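One structure is given here, and the rest of the page talks about it.
Going in written order, the chains are labelled A, B, C and D, and every chain counts its residues from 1.
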Amino acid sequence: MDTAIDIALKFAAITVAFVVVLLIVAYTVLAERRVLGFIQGRLGPNRVGYGGMLQPFADLLKFILKEDIVPDKSTRFVYFLAPVIATMAALMTMIVYPFGPDIRIPFTSITIPLVIARFDVALLYVLGVTSVGVYGIMLAGWSSNNKYSLMGGLRASAQMISYELALGLSLVGVIMLAGTLELGRIVEMQSGWHGLRWFIFFQPLGFIIYLTAAIAETNRIPFDLPEAETELVAGYHTEYSAMKFALFFLAEYINMFTVSMLATTLFLGGWNVPFAEDIFGRGTFLFGLVSAVGFILKVIFFLFLYIWLRGTLPRFRFDQLMNFGWKILLPLALLNIFIIATLIFVFPNL
Amino acid sequence: MGLENVIAEALPEVLTTRLDSLINWARKSSLWPATFGLACCAIEMMNATSSRNDLARFGSEVFRASPRQADVMIVSGRVSRKMAPVLRRIYDQMPEPKWVISMGACATSGGVFDNYAIVQGVDKIVPVDVYIPGCPPRPEMLIHAVMMLQEKVMKESVRDRRDVPEEEAREAVVPGTLPITDGSTARQNTLAESRPYTIASRHERRRSS
Amino acid sequence: MSSATIPPQFEIVDRPLDTQMTISMGPQHPSTHGVLRLELVLDGELVVKATPDIGYLHTGMEKLFEYKKYQQGIVITDRMDYLNPLGNNLAYVMAAEKLLGLEIPERALTIRVLMCELQRIASHLVWLGTHALDIGAMTVFFYCFREREKILNLIEAASGGRLTPSYFRIGGLMMDLPAGFENRCKQFLNDFPQAVEEFHKLLTGNKIFQRRTQGIGRISAEDAIDWGLSGPCLRGSGVNLDIRRANPYSSYEQYDFEVPTEPDGDVWARYMVRMRELKESHKISVQALSRLQPGPVKADAPKVVLPDREAMKSHMDALIHHFLIVTEGFDVPAGEVYLPIEASKGELGVYMKSDGGAKPNRVHVRGPSFVNLSVLPVMSEGEMVADIVAIIGSLDIVLGEIDR
Amino acid sequence: MPSEPEKIAPSTEPSPSSESTAPSPLVAALQHEHPQWISEVINAFGETTIVVPREHIVEACSFLKTSPESRFDFLADICGADRGPEEEPRFEVNYHLFSTTKYHRIRLKVLLNEDDVHVPTVTSVWRTANWHERETFDMYGVIFDGHPDLRRILLPDDWQGHALRKDFPLRGYEPYSLK
């Protein structure tokens, strides 16, 4: 009976988490349009609902009701599968992130952990599942039977494989410092010192490498080559319409969200908010709340950074991108590992 | 086939009319145009998204390069005889429901270019929902046209827009020919027959029948 | 200034045809600046061959000129290079004026220079915005259009039209500048250098932008001349040629300006030339504004130039002239002229042939974009797909002028 | 529309910029050296036109391009013109030459009969002639012998007729005519 309740609770937690995440993602899309508008000296969508608040839902509903075109010469099964893979892979990583510390509901003894699943190889799981997302894009490009899509798919696979490497290596430093792959523990380790124990202060280089590689992972400008609009029309999803296209769209933003969460968790101390422990005391409800809000704010900062970059930077060329990945980022990531190793050797009880 | 056909068939009319307003609201709030500039009007179309006019306020700044993801085709400028089949093909590639704004005098009626090269009005090729006068129209007029289109969208019903059978749909698609520039000289004798330019969209044909 | 043909950036390996992919870019493609179609043969991302296919905007303008009276043709020229309509107007009316042997008053010449330079700035701003957009920097586009809007306001104030002003008429101008124009213009010209600085900050110093443009699409000076490149594209290859200097027209010889050149012949050089031209045009505009003296803006040729509204209401002969010009037009002496001007994209030449009647026998326009585009296959061989986009942007083509 | 015979009287008053654009000593030299290349010289409106027999056009062009006193290294434009179906010779092809070092201009003109619209191509002299000649072919049906890629450029491949000929109606033939 306990297991049944447990499963039910897990389902509830997953549902709540997904709804919250999807809401945030939906508003990220809106925020992107508004922030870009702000950068470009205009308003952005503000007529649908109060201040444009209903815009994402209008877009979504429209896409659901749009005619779904499947090209005649496409490989149908794969064509259907691709957006599903992309979205699922993006969503699945969501379960391991600790949104906050365990939260105790006031006047009861019920404690709710603000994480859906807690297991030892969480970081490995994140890296693994994220990599699967590439298949979605690659298969989409291949199965559409469109030359632009094919080029987009090829670019995606080459780009993501090379950047995955730099991304993974930049995380090795964190793993060495933390000595664990469990995200909750990694966050715990960054608490204290009034925020100065965040791993970003130990390995700023690793953080920058991660940030760069993460942008490439999520296909954002300046690394948005798989869908480079001015070159490949719409890249891998040129032939996709209606909800399938919306799923790719969604997957991109969810990816953006997850890499932001990972950056927050690994480098910016996760849900640790400086001085929150001193003021509220550990384990109280307010502490949990403040921590969770702090976590979300950090993630939003990263999202804003992404949008900001999009509004500012031009796009790399494909060979320059590969050169950058293999010849600059990868050696730097190795250097970062070396630095961390030295650091740990000199200060063993860091 | 989109979800709306299922809705239109499964639900009684009372419910679909209630649903209409929701669906139409979504559609009108998110009219994404196809990136498709032809001539002078295209510059004013670009200008409509710029800081001063900001088409984005109505949720229509997302110019999609792929016609598969667009809702509105803004025919901005004169359509030449050579462009006509291409334009028709782009229209066919767009998923239903789709709308066409004919921007400017040339797209609407040929404008000053009443000659051998220009299609005298894009409505000979694709069904047009909103016409904008002017040569070129100001960006404000394009925004007005988008708002008029929004009003038009609000009056539609899912029951009007049911898909035609697949064979009929296939038949209606005119494959515009793109010549292959293979470097051979004097290819003008190879394509003899004239192309059928004037074919109503599926949606229009259904209404008239 | 290199002498020989510059080898491509990447070497094209001769490979069997089935490893290559032919891809049709356009006519509906976001970065072909309208309805250009390119047929690319690709080896991976490498462009083996690029064949432009134009004519998707062919409007039959040259045919239409033959059926319109001289003064009606001005309207058509607006729609040719729609980013630089006043330049087109100028070339057309000056060709007709050359045939007629008209003497244009000083004020009209100065206003023509002023408006043309403002229009050149506006045209370059569209180029800059779209070029940056093609390379992926989207914000520059909006900043450029913001500045351009101010110029359009000025042009609208003078002529009543934003994009298609038809402001220049055979024998002068449509009408004098409106009251307060000079102050508005002065204000714009005061603010403009700051905007150029902003563009430089956004793009010129950007490492990604530099890497996307430097060494791409190179063409040597000799090749550029051989291929008939003109305007900023030619000057980007280090050739100091500007029609405003070479064959001065419309009193350009009285202005003090530099002709910017860059030696490299790549996309970056063409970018820098245009960016510097923005400043030169600004300089000329400031000079023209300071030279404005009161005076007539129409030539003293009652048979050709429409009379003022006031004169028409008070003088019988003015009314008769107005009637005759509008209904029957005016006869132009037989002969042929070729009149080149420096438009924003290069040498814009109007060949006009008259048979003595009120309608031209033949009007041909040498569109600079038409010639500049013809060099694209040479520039783009051995470059990447992404470079094609940058090269097209750097050529600054307008399909309305190419296809006519 | 009837067109006047193409005998241009020299202009009574030279236009302002005539000095810089009239290379008359050059023409005199050319006339002296290669008289067979020149069938007529027209000076009008401050512009010099040399009517060249079509078999000499390539030689004349390459001479003008390389000769040190002319240096017409820049082919500004090639355009055709139709004097009307009743005229003979009916077609003309105009070459507008420009020197990027001496800044002078000249026009070469080739006259063609209607039943024999062949001109040797000048793409071997200037490569920019390629598209100009294609355009002239497209619009007038003038065939440039030896052109590497002579096909329609502006109008569709399946187009019938040549649009800028005077006997081609403004609105085109069926099925395009709109009546």
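In the analysis below, contacts are C-beta pairs under 8 Å (C-beta built on N, C-alpha and C of every residue); 3 or more make two chains touch, one makes a residue touch a chain.
Just so you know, these numbers come straight off a predicted model, no measurement behind them.
Undergrad: Using CA atoms only, can you tell me which chain is the most central one in this structure?
TA: Here the chain at the core of the arrangement is C.
Undergrad: Write down the chain pair with more C-beta contact pairs when A-C is set against C-D.
TA: C-D
Undergrad: Suppose chain centres are the mean of their C-alpha atoms. Which chain sits farthest from chain A?
TA: D
Undergrad: If you average the CA atoms of chain A and of chain C, how many Å lie between those two points?
TA: So the centroids are 46 Å from each other.
Undergrad: At what distance in angstrom does the C-alpha mean of chain D lie from that of chain C?
TA: Result: the chain centres lie 24 Å from each other.
Undergrad: Could you please state the distance in Å, as a whole number, between where the Cα atoms of chain A are centred and where those of chain D are centred?
TA: Taking the average C-alpha coordinate of chain A and of chain D, the gap between them is 64 Å.
Undergrad: Could you please state the distance in Å, as a whole number, between where the Cα atoms of chain A are centred and where those of chain B are centred?
TA: For chain A versus chain B, the centre distance works out to 36 Å.
Undergrad: Chain D: which residues touch two or more other chains?
TA: 152, 155-156, 163, 168, 170
Undergrad: Taking each residue of chain A in turn, which ones touch at least two of the other chains?
TA: Within chain A, the residues that touch at least two other chains are 40-42, 229-230, 233.
Undergrad: Please set out, as single numbers or ranges, the residues of chain C touching at least two other chains.
TA: Within chain C, the residues that touch at least two other chains are 29-30, 55, 58, 60, 63-64, 142, 146, 403.
Undergrad: Quick check on the complex: what are the chain B residues that touch chain A?
TA: 1-4, 22-23, 25-27, 29-30, 50-51, 54, 56-59, 61-62, 64-66, 68-69, 71, 93, 95-97, 158, 163
Undergrad: Which of the residues in chain D come into contact with chain C in the complex?
TA: 1, 3-4, 8, 11, 13, 15, 17, 20-21, 44-47, 49, 73-77, 79, 81-83, 94, 96, 98, 100, 103, 105, 107, 126-128, 130-132, 135, 139, 152-156, 163-164, 168, 170
Undergrad: Residue numbers of chain B touching chain D in their complex, please.
TA: Touch list, chain B to chain D: 81-82, 114-117, 120, 179, 181, 183-188, 190-192, 194.
Undergrad: Residue numbers of chain A touching chain C in their complex, please.
TA: Answer in residue numbers: 36, 39-42, 147-148, 151, 221-222, 224, 228-233, 310-320.
Undergrad: Mind listing the chain B positions that touch chain C in their complex?
TA: Listed in rising order, the residues are 34-40, 42-44, 46-47, 50-52, 63, 65, 67, 77-78, 80-83, 86, 90, 112-113, 115-118, 135-136, 138, 178-181, 183.
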